[in-house]
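First chain A sits with chain B, and in the next complex the same chain sits with chain C.
Then we have the complex of A and B:
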């Protein structure tokens, strides 16, 4: 640990920490644009200038003073100094982030940053979460001395989801470094020189793109852009950032389990943004996850329970739908029932489901249903996994916990299904095409109960359809492929009469005489921590925002 | 009358000196052979340090000291020869490259031997097509004669030289910009530290030296340190106790251009004055000297009051200017300083690499302001400030004195100083390009302020007589230090 004097504070930071991070850890802001903790540090924005202290050349030994040049905070790291090189006999470094010189330098740099800026905040998506706005307000001038003609580089379409408003760009090169280092695809570069610098994709002389920014991590460049230059087409002109609520959650796109922030308003989810987690996704998330939330807001969402009357679906009310199911379930033997949980469902959903199957239906035939295996994408610093379900590992363990760890999957599951009389299938998967064998198996079932979120091939085959919820509408936990248990949070209300999956299952259990009385997801998590091996610590309280890793 | 002292350029005019055989007749490679036969590598580094040789590229940093920063335990390390001579007003290296490239190769060999370097890159300016051709031919010859390659002349020394042409960017003459360009990246300087001596080409320790610096090495080895230190003045840096010698030894290739009768490259001892230099270059063309740029376009200008300033590294630093690359541009009374500044600022605005904020957007801004002034659209305001005194009516009160405010001149100075502050010598930029911009901008404006003011007042370019155009030294703090040289004294 290095002992550093930062302004008036005496702080201890780990060796090798840069000043921007060290200050951030202690609540001091060192403004910066080009520095990003997940990328290399070119120190080109010159915003994080700080004053370092050291021995003065030519002066008597022991005299300490500010260095002649200001240093960039992002590249200045502190290390434990040998005893004879301590400053003032105890400090490893002395740093000023608020001296008059530093403040002057920040003001000057900010003035330069704004000379060609169009100041179009009223129509800029970034307004409200823009570093240029924030730092100008805190560190800048209130007016510009620039009366010359401004550069107006063109607006550019970089790829399927990314627009570049070149006029707003501060050429911090974060996006270029991202494409170079994290995605490794290198679509972006600087063209022209000096004040005509522009970010661009490779183009022919006629301006025809030779390569577009269409890698699966492209959306991250929008997040890391400190100003409103890179804009997501998906979010363009949708909402002002300050009108949106935010909730910490986990992406449901694949088994990586990227930490995200769901930004939403009363009428739906507006965007997903990655949230830092050192061991899982660092600062990033993929575009499949980022743009994959639209089904949540879909107008087609199942809003009422449906039952099949004369081969036609008729909307009904919950009491009626549950009564039909209860009647059917009480008619058949336990071995003719197959209960299938969802890899898209939370641990809580699946726990209630297995409890229902085990305690109420007394069946041992528990299956697991999830998205088909997708493609794995590996990037230098990021991996998108082939398993497109967020909770395969958790669902498998929890469904199996009731049943000697036997969970039916794949062909064995469909074999069992084709011989069953009643199947209770919790799906909750957006866009899941059915394979022929699966379809045949489901068609052969006498009475198929499907709990789902959207009309699909599966609901077409059902006798009763129960409207469930998506990841954005419920609390719970997901377990990712590396054993991290993390929380998702309810953001918006489910559409229409749709209900949280475990509530539906619990209601069904109650109607069949089961003893289950959970009130909220945290209560179920407590039950899981008591009853499921390995999940001892997995209570909502302990998981928090950081998640916990299960023992291997 | 000062005589030229030709050392580097001694045999420049010998026909076919660019061929190995002729070069050999004129002591070619004997200095290198002497170095290998008589000295250990450490001795050579010591000799270079003792000789007081300062880098001729611009910064004037002690070559021996630079070598001492190179870590001895990290191998490989590289030598990078900076032949990207692109400072306006400088043209000395190209003659070495075009006429006597073997001298450079010999210098490189001595440096490689002293530093244990096996690979050298010569980064040569892209426009020097003839220089590149001659250099490549010389390298080829040296390989054939066994002075390059593996096991040179049976000494076990291996040296390879690669010449690499630049693509025409001024900033690639900056050492880290050069290294980036050499590595095949966009020519943008690196943030320092680490300096190239610790982490340079391919992230290995690298010695970056100018062509002229390397060409000095054979003569230091051949004739000895004592001979070398006789040339040029040595000052004493009295900040240290005992005073540290501050050597300005050797000769310098002064590129004299502008309003002189015989412009060209002159090899002279360090420490001569501008007046003497103009005399050497055939005398002034015109009536009187208006200004002298002492070290390439980025150096602060000298007025006719400062013609007795000695043109060496130390004296010019004390005069708040610099010797830089030794590109001396003389201007006579017909030259308009606003126009000169505009010319220089156009160059820098065009050549800014655009990497860091202050330079990327500050440099064109400075150019635009100067352009506006030169176009006659400079902003001026007359304001009345309350000033208490005896007013016209004979009573104590507000005298209502008016003052002329030249808004654009203040803006010019402020913007230039925000890129790099010329008074404190600090820059907000990554590299020294920042100061190369603000130095001329601020010094021209301060020293020739009447001409700028007249241009704004008249709404068109006005060339004032020399005496009127120049601010006398006593009135301008840009000069002050020159007349009170506290820190240095003649030894």
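Then we have the complex of A and C:
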């Protein structure tokens, strides 16, 4: 550990930490644009200038003063000095981030960065979460002395989801480094020279692109852009950032389990942004996850229970739908019932479901249903997994927890389904096509109960459809492919009469005489931690925002 | 995206002689990317200007992204992205040449050739209709002692006056 005097603070930081990070850890802001903890450090924006202290050449030994030049905080690291090189006999480094010299330098750098920047904050998507705006306010001049003509480079279409407003760009090159280092695709670069520098994709002289920014991580460049230059078409002009509520959650797009922030308003989810997690997704998430939330806001969402009357779906109320189901369930033998949980559902949903199957229906035929295997995408610093379910691992463990870990999957599941009289299928998968064998199996079932979020091929086959919820409408936990148990949080209310999946299952259990009485997801998590091997620590409280890793 | 991706109909490749030269020069550098500038010069000498096909070919040869090549091509004013004349006339307009009346030389050239001065993004503006000459202004050519100077396709011409320019143009035109 290095002992550093930072302004008036005496702090201990790990060797090798740069000044920007060291200051951030102790609540001091060193403004920066080009520096990003997940990327290399070119130190080209000059915004993080700081003043370091050291021995003054030519002065008597022991005299300490500021270094002749200011240093960039992002590339200046601290480390433990040998005993004879300590400053003031105790410090490994002395750093000023708010001396008059530093403040003046910052002001001037900002003035330069703003030379060609338009004053279009009122129509800029980034306003409110813009580093340029914030730093100008906190560290900048109150006016510009620039009276010459501003450069007005054109607005550019970079790819399926990314727009570049070149005028707003401060050429920090974060996006270029991202495309080179993290996605490894290298679509972005700088064209022209000096103050005419522009970010662009490779184009012919006439402006026709040779390559577009269409890799599956492209959306991250919008997040890391410190200004409003790179803009997501999906979010463009949708909302001001300060009008949205935020909730920490986990992406449900694949089994990586990227930490995300769900940004939402009363009327729906507006965007998903990645949230830092060192061991899972670092700072990033993929576009499949990022843009894959639209089904949550769909107008087609199932809002009322449906039952089949004379081969037509008729909307009904919960009491009626559940009565139809309980009647049917009490008619058949336990071995004729198959209960299928969802790899898209939370651990809590699946725990209640398996409890329902075991304690109430007395069946041991539990299956797991999930998205079809997709494609794996590997990038130099990121992987998108082929398993497109967020909770395959968790659902499998929990469904099998009281069953000797036997969970029916794949062909064996559909074989069992073919011979079953009643099947209770919890789906909740957006856009899941059915394979022929699956379809045939489900068609052969006498009475099919489907709990789902959207009308689909699966609900078409059902006798009763129960409207369930998406990841954005419930609390719970997901277990990712590497054994991290992480929390998702309720953001918006489910549409219409739709209910949280475990509540539906519990209601069914109660009607059939079961003794379940959970009030909220955290209570179920407690039951899981008591009854499921390996999940001892997986209470909502302990999981928190950082998640916990299950013992291998 | 409204824009269609560019389709390269006639791919570029080095001719035999340039291929030999490329093989030779690539060995001089620790990494392939470092050979970017000489490779681009070779390619430009072969085609006259850098087309998308050239950028793609060079990127493949040097194992870098196309954007890296585009980056370099747009940075240096000696690479052209559109056709230029057979003779590219670069007129120095930095201080010593300016003091020695390069303006007169430039105006004379403009009048004689009947073109404007090319800008980096619009070379056609400075190219004569017959495609023989391209006229452009450049920064210091490092021959201030013999100002004003111009450079024609790599050859330096010193101590210029309108008369000398006439002589030169006559020689080039023949």
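Note that in this section the second predicted complex is superposed on the first by the 552 of 552 C-alpha atoms of A that agree within 3 Å, B and C clash if a C-alpha of one lies under 4 Å from a C-alpha of the other, contacts with A are read in each partner's own complex, and residues count from 1 in each chain.
Just so we're on the same page, a contact is a pair of C-beta atoms (placed from the backbone, for glycine too) under 8 Å apart; a residue touches a chain by one contact, two chains touch by 3 or more.
Note that this is a predicted model, so its numbers are computed, not measured.
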{"item": "A:160 touches, of chain B and chain C: first, second, both or neither?", "value": "second"}
{"item": "Touching partner for A:187 - first (chain B), second (chain C), both, neither", "value": "second"}
{"item": "Touched partner set for A:195, first chain B, second chain C, both or neither", "value": "first"}
{"item": "Contacts of A:204 with chain B and chain C, given as first, second, both or neither", "value": "second"}
{"item": "Touched partner set for A:115, first chain B, second chain C, both or neither", "value": "first"}
{"item": "Dominant contact partner of chain A by residue count, chain C or chain B", "value": "B"}
{"item": "First, second, both or neither for A:45, with chain B first and chain C second", "value": "first"}
{"item": "Which superposed partner A:212 touches (first chain B, second chain C, both, neither)", "value": "second"}
{"item": "First, second, both or neither for A:519, with chain B first and chain C second", "value": "neither"}
{"item": "Common interface residues of chain A - those touching chain B in one complex and chain C in the other", "value": "190, 192-193"}
{"item": "Residue numbers on chain A that touch chain B, as the complex places them", "value": "41-47, 49, 58, 68-70, 72, 75, 105, 108-109, 111-113, 115-116, 145-146, 148-149, 170-171, 190, 192-197"}
{"item": "In the complex with chain C, residue positions of chain A that touch it", "value": "157, 159-160, 180, 185-193, 200-205, 207-212"}
{"item": "Partner chain A, residues of chain C touching it in the complex", "value": "1-6, 51-52, 55-56, 64-71, 74-75, 81-82, 120"}
{"item": "Interfacial residue positions of chain B with respect to chain A in the complex", "value": "169, 186, 191, 239-240, 349-358, 360-365, 368-369, 372, 411, 414-415, 418-419, 424-430"}
